[in-house]
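Heads up, there are several structures right after this.
Both of the next two complexes hold chain A, though its partner changes from chain B to chain C.
Showing the complex of A and B:
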């Protein structure tokens, strides 16, 4: 019993660690632009499809090269989404931008299906050996990679936002948009770069997920957007540390619910938790202040 | 240096600024006064390009500014401070100045490494100088939100200076200050002029306006009702009437 509990906790943390960068990218866009980007996951999915395509054509490519392709393609797709859905609605309606991003989601899924028509596409596996066994607990090497990546992404993003001039410009823009613009910070440019950064973070996360599963489907876009949105909402929309915490909670709740209640009730428990939190509206859920 | 010709801005049916002509000579401290709602802040917003002109034109150093976006006007050398303080609260004092350094010279250094090596050092020196000038050197690593009111006002001024402006628009910089602080502000404004920065000062506090400006224009209901030296303005019956009638300080 205790071993199960520990094992579930470990698995949950590993899953949460793979959600964390997904959530961070989503929360970054929401926090800076105050816009929900439904095409966030699909853009990352398209990046992974580009890597899968390259893998099919050139089987000799290593994981590093494929990761670079996935990342680059995800950034390009993310930039495309920004130009089409968000740049035109910068001062306009948030709902219009969201609906536009939904339309692009359909388009990106269609492109992926045209690139590789089979529903399930093989993806090179991250690791093909046996999982590690420590004191009776099973630890997958992929999980370690996910945790290390999540930590690295958090550290890098913190360094960018709190140390670099670009990051400070982002935070200045969020804190005082008017003053930032009149201090020479250009919102259109900053938003575009924020999108590119979020896509790069998401692309890293998406590549790891695809390589862990050793396969991808067009549904990956939906999955990524959902996990990102759920974790971000759990942690309080717009807060970056909240998004990471939300991702870990999401992973843990899923793992335990699946074990004790079964896979059917797993997502139900997550939504019940989200619903109760939204209904109770604790203080930390109401403070969307990413700066 | 700055010339407004027939500048007009309507908000719906309200004529916030109505056919304003203004000539601010280089090296001058020019005062813009008037009762509340007379169009002073709208004028500043029009000069910085926050919203477009309904009619008229604005020339800066002989160039038309009309269609330039705000960041281009800043690069041309126009910076401003705000009537209600708008700092980047959760950035430190030092960082507030760092993000605001956007002068054309900074941009001209195209090479990435040149920017990093030479640019960073120069940027640091300049920020150190600005901190010294505003009396904030000991607060460099403090969050802007944690500063006192007077310090925040000084930081706003320093942030505007970080862009190395030729023309500085000060929108009620003395609001909420005590007379000692106003005295320090006066010294700073004079020091800036001595460095060759032209200043357009919008202010209610007559103690400051009358003591520091070379020339004053008076607005009422979006129109210029008087212009002249501080002494002339103080003696002008039209101005007295507008102020007494408007009920403003």
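Showing the complex of A and C:
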């Protein structure tokens, strides 16, 4: 019993670590633009489809090259979404931006299925050996990679936001948009770069998830957007540490609920938790929300 | 008219109810990602009442609408003070719980020697009231469109009356509306109840059109489509929501040239449209402009 609890907690933390960068990218866009990007996951999915396509054409390509392709394609798709859905609505309606990003989601999903029409597409596996066994607990090597990636992404993002001029511009725009503009920061350019950064983070996370599962489906876009949205919501909208905390909580709750109640009730428990938290509205979830 | 055209027309009508319910919530100043749940509750309630309990469709539709309205109020009561994306996510969470609830719902009874009723993820087949009543597909399309026309007319009249002005005031500036002495919370609850009832009516008619429903029919994609229809059609008039549905289902599914590329065309079109017209095709200004031509 105790061993099960420990194993579930370990699995949950590993899952949470793979959600964390997904949530960070989503929260970064929301925190800076105050707009929810529903196309966040589908753009990452398109990146993974590009990598899968390259893997099929050129089987000799290594994981590093495929990851670079996935990242680049995700950033390009993200830039396309930003230009068409967010740049035009920067001063306007948040609802219009969100619905436009939903429309592009449909588009990206169809492009992906036209690229590779089979529902399940093989993806190169990250690791094909046995999982590690430590003191009676099982730890997948992929989980270690997820944890290391999450830590690296957090450190890198913190360095960018708090140690670079670009980070200063981002923080200035969030804290005081008008003052930032008056001191020569160009919001359109910063927002575009934030989008590219978020897509790169998401692309890394998505590639890792795809390589862990060794397959991708068109449902991946929905999955990524939902995990990002759920984790960001649980941790408080727009907060980056909150997004990481939310991702870990989401992973833990899912792992335990799956073990005790099964997969259907696992999702039910997650939504019930979110609904109850929203209804109770604790202080960390009460950041002002636009639209 | 060929069978395909009739089915496209019926589908436009069915989705019209969903778009209208999303439109009502948008007018009240909120955004719901969860209208598909009330559509689903309507479909399951209505289907169970006609197929399992042997009720006639009109009576079952009324009961299903009441259930949809009650469910919408139950979701809104603890969450209505949330704003923007928070409210949208709360409705999404509630709708996903409802969908999983449909997946867990197993309740079958013997009807004419065969088990009938919801069977979890296997779905709910045999909702045959329309077939047994001897209604042809054309007749059913007329029935759907009559119901939709009645609802639309009702809403159009309400919109031109004081009620419409109140609704827009509550949606656009709740603080000002409250200062004018309106009970904003109760008013919004009323609108949300109506939107739940409308979505449920669409669901009942959907279930009896398809004769088979499954939990997957009522996933978040359906709700977000409804929301998108209302927004691209325009928030200026009740007809906007129907224009939105007609644009997607009628134009793109009806015109077979786009087969296989439908979503690429539709997605790009909607995103561009929203750049040019962020409040949809028939926004308030356009509606006023058209109104002046005819007065």
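Definition applied: the second predicted complex is superposed on the first by the 287 of 291 C-alpha atoms of A that agree within 3 Å, B and C clash if a C-alpha of one lies under 4 Å from a C-alpha of the other, contacts with A are read in each partner's own complex, and residues count from 1 in each chain.
We take it that a residue touches a chain if its C-beta (ideal position, glycine included) is under 8 Å from a C-beta of that chain, and two chains touch if they have at least 3 such contacts.
Here the structure is a predicted model, which means the values were calculated and not measured.
When the shared chain is aligned, chain B comes close enough to touch A:165, but chain C does not. After overlaying the two complexes on the shared chain, residue contacts for A:5 are found with neither chain B nor chain C. With both complexes superposed, C is the one of chain B and chain C in contact with more chain A residues. In the superposition on chain A, A:185 contacts chain B only, with no contact to chain C.
Of the two partner chains, chain B is the only one touched by A:175; chain C is not. Contacts of A:151 after superposition: neither chain B nor chain C is touched.
In the superposition on chain A, contact of A:219 is made with neither chain B nor chain C. Of the two partner chains placed around the shared chain by superposition, chain C is the only one that A:272 touches, whereas chain B remains out of contact. Once the two complexes are laid over each other on the shared chain, residue contacts for A:261 go to neither chain B nor chain C. The interface of chain A with chain B overlaps its interface with chain C at residues 291.
Chain A meets chain B in the complex at residues 165, 168-169, 171-172, 175-176, 178-186, 291.
Per the touch definition, chain A reaches chain C in the complex via residues 36, 38, 84-85, 88-89, 92-97, 99-100, 102-111, 114, 229, 233, 237, 264-265, 267-268, 271-272, 274-275, 278-279, 281, 285, 289-291. Residues 48, 50, 70-71, 74-75, 79-80, 82, 86-91, 95-96, 98-100, 102, 159-160, 162-163 of chain B touch chain A in their complex. Every residue of chain C that touches chain A in the complex is listed here, in rising order: 26, 31, 78-79, 81-86, 89-90, 93-94, 96-97, 100-101, 103-104, 224, 227-228, 231-232, 260-264, 266-272, 274-275, 278-279.
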